[in-house]
Amino acid sequence: MAKEPTRAQQLLGDFAPKLVELTDEVLFGDVWQRPGLSPRDRSLVTVAALVALHRPEQLESHLRLALNNGLSQEELVEAITHLAFYAGWPSGMGALTRFRAIVENDAN
Amino acid sequence: MAKEPTRAQQLLGDFAPKLVELTDEVLFGDVWQRPGLSPRDRSLVTVAALVALHRPEQLESHLRLALNNGLSQEELVEAITHLAFYAGWPSGMGALTRFRAIVENDAN
Amino acid sequence: MAKEPTRAQQLLGDFAPKLVELTDEVLFGDVWQRPGLSPRDRSLVTVAALVALHRPEQLESHLRLALNNGLSQEELVEAITHLAFYAGWPSGMGALTRFRAIVENDAN
Amino acid sequence: MAKEPTRAQQLLGDFAPKLVELTDEVLFGDVWQRPGLSPRDRSLVTVAALVALHRPEQLESHLRLALNNGLSQEELVEAITHLAFYAGWPSGMGALTRFRAIVENDAN
Amino acid sequence: MAKEPTRAQQLLGDFAPKLVELTDEVLFGDVWQRPGLSPRDRSLVTVAALVALHRPEQLESHLRLALNNGLSQEELVEAITHLAFYAGWPSGMGALTRFRAIVENDAN
Amino acid sequence: MAKEPTRAQQLLGDFAPKLVELTDEVLFGDVWQRPGLSPRDRSLVTVAALVALHRPEQLESHLRLALNNGLSQEELVEAITHLAFYAGWPSGMGALTRFRAIVENDAN
């Protein structure tokens, strides 16, 4: 039975096979699976980095993953509010505006 | 009895009293105290932002605070290893080199 | 009589009430009101930071605020031209392209 | 016979004449023409900087210029895969997703 | 009579003559001299960009230049306090700590 | 016969074994060895990213590696001069000042 394509395969298919392989086998297949940090904590760390670096596109998919990995909406709002001080107001406001759109969109 | 000066007071004393006040009363006195996210999780988020933004000076004091707030050395190493992918290798290597120096220094 | 909602309230309403409160009471209600720097100079500093950090969304609303706070279109164009050297050409070109669109849009 | 307007003239016309002049006469008219580094290598360096700084808008036009300056699609994919490690996964994934769209769009 | 070497000449002498030329003739010899924005405002904009980009080395020389160009110590402290919100606390704290060291050093 | 420890092993030894493994086996052992881009071009791309991201510590070791991988001092100076426009003057000036120190130090 064929496996469903990963997100990296969908995005970059045969266009960039090495980055797809590194993403699927090293980043998600190895690093994210390591027991030294829970998926919930890895999501918290990843969201924090994406807010700090102001990477809105990747932030959206990682906010959804964070909810799946056990972080509540309230914890994520609180984390981004906290991050506004460390990463600057524009990153905090932008991230929360985007998160709100995701939550409202998914509720419909 | 006089309170010990805060870190912000030590660094910026009368030179920048408004930023000292905002740091002590708003950032540490209000935001960090909010119950919606534990001090341990706030430290994880803060360390992630400082690694991602490559702010080595503030990273050092926040790594120490993270250990005080209940994150283990192993969790922090794992988090920074994870962050090397999201924030780039130079940020990850630089942060772990600095963390190692802190740990070895404090052991002596 | 009910006050009109602030921009932060419009964007984040009940979704992130603490960041709305910090934005309205601390950032705009306290820091921006301080007499040590004029609103015109605060706008100049804010626009410079948003150009340097490449935050196009917040830049748009702060360019409008800058015009309201007394900076002329010519001064802002000159400031962003100057910033192209310090923040890099892509940030300068991107900011001026956006500013031109705002000016032309508002003229219609 | 009138010369065709440059890209900077098209984008910023009379709105920001000094930045147009600096772009056309200093950046493209002088620096890019210098013999110490080939146009192909200058494109490689420029693309790397735009990936690292996460400037998607300018990246698009510089990826096209890079193809014109003699870099192959395969070399650019390989360079961006390499850069994922140094600039972080989000910058690498974002850049390759954009590059794929350009290539597929131009093929049609 | 020989002119004193510029700061760019001192730093990069014959090592990088083109960047020295661009710095002295284009950036300082042309852009900084333009009448559309005062030296005081150019310094304010430059300091803001250097705080936002976290470039401590260049910040030091531009803080001194800002004082020479007519900004008061109090205005610069107020501007950096303001910038802590837009560029993040670590950039604000780091910049003010450095500025304090400059001021105290120059007083001795 | 024991192999000499890699640079990652020297820096992070047993402190962060997973990042050492990823650096030595994936980044240097796999990605850098791929035939799709020459070591010389990989060095050019890496130096450009480190200049753009302003990572002075890693820049120093990668400038030395770039010289070993066949880039001349003149090409690197020209590349960084070019990058001053894209990454901003402070990154360009800082990188060339550092490169000059390396070259002069190694000549003695």
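Letters A, B, C, D, E and F mark the chains in the order given here, with residues in each chain numbered from 1 onward.
The rule is simple: contacts are C-beta pairs under 8 Å (C-beta built on N, C-alpha and C of every residue); 3 or more make two chains touch, one makes a residue touch a chain.
This is a predicted model, so every value here is computed, not measured.
Common neighbours of subunit A and subunit E under the contact rule above are B, C, D, F. Residue numbering at the subunit A/subunit C interface overlaps only partly, since under half of the positions present are found in both copies. Ranked by distance of CA centroids from subunit A, the top chain is E.
When the C-beta contacts at B-C and at B-F are tallied, the pair with the greater total is B-F.
Subunit C maps onto subunit E through a rotation of 180 degrees [Cα fit, steps of 5, range 0 to 180]. Between subunit D and subunit F the centroid-to-centroid distance comes to 22 Å (mean Cα coordinates, whole Å).
Centre-to-centre separation between subunit E and subunit F, using Cα means, comes to 28 Å. For subunit A, the set of residues that touch two or more other chains comprises 18, 22, 27, 31, 34, 49-50, 53-54, 77-78, 81, 85-91. Of all the residues in subunit B, the ones that touch subunit C in their complex are 18, 22, 26, 31, 34.
The residues of subunit E lying in touch with subunit C in their complex are 27, 31-32, 34, 36-37, 41-42, 44-46, 48-53, 74-75, 77-79, 81-83, 85-87.
For subunit F in complex with subunit C, the touching residues are 85-91. Of all residues in subunit F, those touching subunit E in their complex are 54, 77-78, 80-81, 84, 88-94, 96-97, 99-100, 103. Interface of subunit A with subunit D (complex): residues 8, 11-12, 15-16, 18-19, 22-23, 27, 49-50, 53-55, 57-58.
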